[in-house]
Amino acid sequence: MNHARRGGGAVAVLTVLLSLVTGCGAGGSGQRTLTVLAAASLTESFRAIGDEFSRNNPGIDVRFNFQGSSLLAEQIRQGSGGDVFASANEEMMTKVRRADALAGQPRPFATNRLTVVVPPDNPAGVESFADLADPDTSVVVCAPRVPCGSATERVESASGVELSPVSEENDVKDVLHKVVAGEADAGLVYVTDAESAGDEVEVVDFPAADEVTNEYPIAELAASEHPELAERFVEFVRGERGREILDEYGFGAP
Amino acid sequence: MRGSAPPLGRLVPRRAREGERPVGVPLPLRLPALLALALIVLPVLGLFARVDPARLPTLLTGPAALTALGLSVRTALAATLLALLLGGPLAVVLARSRFPGLRFVRGCVLLPLVLPPVVGGLALLYLLGRTGPLGGPLRDWFGLSLPYTTAAVVLAQTFVAMPFLVVSLEGALRAAGTEYERVSATLGAGPWLTFRRVTLPMLLPALGSGLVLTFARALGEFGATITFAGSLRGTTRTLPLAIYTEAQADVDAAVAMSLLLVAIALLVILVARPKAVEGRG
Amino acid sequence: MAEHTDDATSATGRSSREAVAPASGHGPTGLTAEVRLRRGDFTLDMACRVRPGEVLAVLGPNGAGKSTLLTALTGSVRPERGRVSLDGRTWLDTERRIDVPTHRRGVGLLAQRAVLFPHLTALDNVAFGLRTAGVRRRPARRAALEWLRRTDTGELSDRRPAELSGGQAQRVALARALAADPELLLLDEPLSALDVATAPAMRGLLRRVLGEQRSPCVLVTHDVLDAVVLADRVVVLDRGGVVEQGRTRRVLARPRTAFTARIAGLNLVNGSAAGDSVETPRGGVVHGGVVEPAGRGEPAAAVFPPTAVAVHREVPEGSPRNAIPVRLVGMEPRGDAIRLRGETDPSEPETALAADVTPAAVAELGLRVGDEVFFAVKATEVAIHPVSDG
């Protein structure tokens, strides 16, 4: 009997632990939660969009999971759930679609392009994209496996300049951080990331960048428990107000 | 036989005699124990379940995997050697000297064990990076730049793994006590001779297990490396970094490399049998 | 000190002031040590001398400072003030800031535990000191084997310490200490970790080996028997100070202080001689047998073992017994018996007497600490000794 009681205690402890980590058991209020999986480069702009969407739709709580698009795509394929997926390129969206994890058609909602950022004092004197090929200039880029990295490769072939980076980061934010910290002479990041860094970096524009743009697609997920909510969010992003906010953060129109 | 305890009695717990009944494990402990084991083993088994056996050989022998593996083994060995050359003496100093602030210093040594490795990587970057208080002068005066080099990988691995060596050696030194060294002195051996002939041989088992743990930890290092050294194939992209990069695109390749890492780790733990991990005896 | 020969004293006096190197032309003079060492609220303050070949036993209860003395002699602890010299070489002189490190002192140490190096065989343990002295491996091993044979452990030479019993390990440790040819041999409770079956044999071995030693030896022990069997002279320590010293037999047979008597396991009543009795300053009289005659009024002591004491509630009338009024201050088991401690004079706790009685007697009399009782002892059990200086 003693055992049974102690066992009960252990179960109670486990239950409390589980409810702590899952956030369940807080009692179901009338709130509905919409989970949006979005590319890391959308962090600032989608937060703003989410705030406004919640204001317009009382009772709906928008939660975001910002990660590299590739990682998000893999998580969706493994059945992580979620209502909406916004990817930084079409390739990752295609991957999700092939896994039959989409409810609706992917629709483009924004474009982004690369730019060169340098530390404020531009220690290596980078004036053009071609300057990045100088072996004395330490350049950090995204790994070819991630969307900003594949964009980098395309820029390279478009401009005919071959880079020999000192590091290939998995996340465009890591590239930005290395430049901000002064640990690299230059980095290739999205225009929107350069925008968000403000005065901490200087932007060196170059023509080849305009030829290579990333198109961001968005789609409702098959696993969604609130399909009509998910659709409403996608429409909001693609709508006039969403467009305005994205523009504010430096994204181009699709 | 009161006086017949072996001289290392404190270090060597008595083995269970043959035929002796094991001490009973209370029932309420068994379920959590099973869960704990499951928590460790099941995810690793999950890796095996995820792998595509047809692609496995190609993935494992692909240049990305082999390059990363070679780099990992080389850097982890270098880091282990560095940890031995620097951390070994540190362990002796911590175990054998008395000075104010010793407890604080000992606490500092443990920092890398409790800090997220990324924090360690950032700390290294801000110290040794080209704008860092140490990295700046290094670059200006000697033309040395550590970030993005293989040396940076070794340094990051050493930072994270060295405490394992220091802690296991210091523990062994403390457990052994100073009486052997005092006796050695009465037999005419000076401090250096005593260290070589008495302290070091007695430390060998702990040294072995400490080195294995250090190597294993260095091999698995990720956060500090990617933050401090960056990620470039053949130069700084060790196996864990390569796994992370591959996971962005080709999950099968990432899983295959993960299996490779698991296999090496198991090999190290089982073959080298670190006593600190297995228990003595 | 008085027992030192004049030439030994003068040789030490001259050479120890001069140099660390051996003074040529003088024979070995043995150990001279003066040590003052504070540890917390405990202070060891003592001086002693040990001649070549002589064994000095340092007796005292736990915490008396016996082992502290040894740490000062080996050099593992530096005293606040002190001088230690051996055969004219100064090991320590705090005034002249000389402090020779342990490994250059040439002390051989045999402690309570054998502390054999676990990674070496018995033979290599014994050869260790020779090897550090620069002897080559083969001759060192030959000599080591010889020492193992002398300590009756020749057949154990290939064993690791973990494969040795406590007694065997202690013998090997003795061989190791002696093989290094120490200039000063220190024995720190060498028998106290051995069981009752192995201790006597080890004690016998020590007696044989120490008899052949030419270097001075300091033996720290709490067991009077060790001192009786092994030591030429005894120093009794209590709370860091020398209570008594002298030739072993003299000190143990005729303890001058109650403290030494207690250590020696004997009761002692001090007073002045009056024929076959001792008169205490407070007017008591203890009768006994005279061992050595003493003039009337001279300082003397009545000595008797605790086992000779019987306890009574009332003065036992009409028997040829001494009845000493005491107040019980302690009661503790001692083997099969119970040791009672009785205070004869509350102002002098040193005068406490001990009585070993059976548990049955304690129960029958309903004895409790604080009771006023009488310790009775037959005159035939009491030895009256003259005491030279009170």
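In this document, chain identifiers A, B and C correspond to the written order of the chains, with residue numbering beginning at 1 in each.
Convention: a contact is a pair of C-beta atoms (placed from the backbone, for glycine too) under 8 Å apart; a residue touches a chain by one contact, two chains touch by 3 or more.
The model shown is predicted, which means the values in this text are computed figures rather than measured ones.
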Notebook entry, point to check: Of all the chains, which has the CA centre nearest the overall CA centre?
Noted result: B
Check: What's the chain with its C-alpha centre farthest out from subunit B?
Finding: C
Margin query: What's the distance between the Cα centroids of subunit B and subunit C, rounded to whole Å?
Written below: 52
Item checked: Rounded Å distance between subunit A and subunit B, as computed from the means of their C-alpha atoms -> 35
Next item on the list: Round to the nearest whole Å and give the separation of the Cα centres of subunit A and subunit C.
Entry: 83
Item checked: Per-residue overlap in subunit A, given as positions that touch at least 2 other chains -> none
Item checked: subunit B: positions in contact with at least two other chains -> none
Next item on the list: Spell out the part of subunit B that touches subunit C in their complex, as residue ranges.
Entry: 1-8, 12, 179-180, 182-191, 193-194, 197-198, 201-202, 204
Notebook entry, point to check: Hey, which residues of subunit C end up touching subunit B in the complex?
Noted result: 74-76, 101-109, 111, 113-120, 128-129, 132-133, 161-162, 164-167, 169-170, 176-177, 180, 182, 186, 193-195, 198
Item checked: Parts of subunit A lying in touch with subunit B, wherever the complex brings them together -> 3, 6-7, 10, 68, 70-71, 74, 138, 140, 143, 145-146, 165-170, 174, 178, 181-183
Notebook entry, point to check: For subunit B, which residues are in contact with subunit A within the complex?
Noted result: 27-28, 31-32, 125-126, 129-131, 147-148, 226, 229-233, 236-237, 244-251
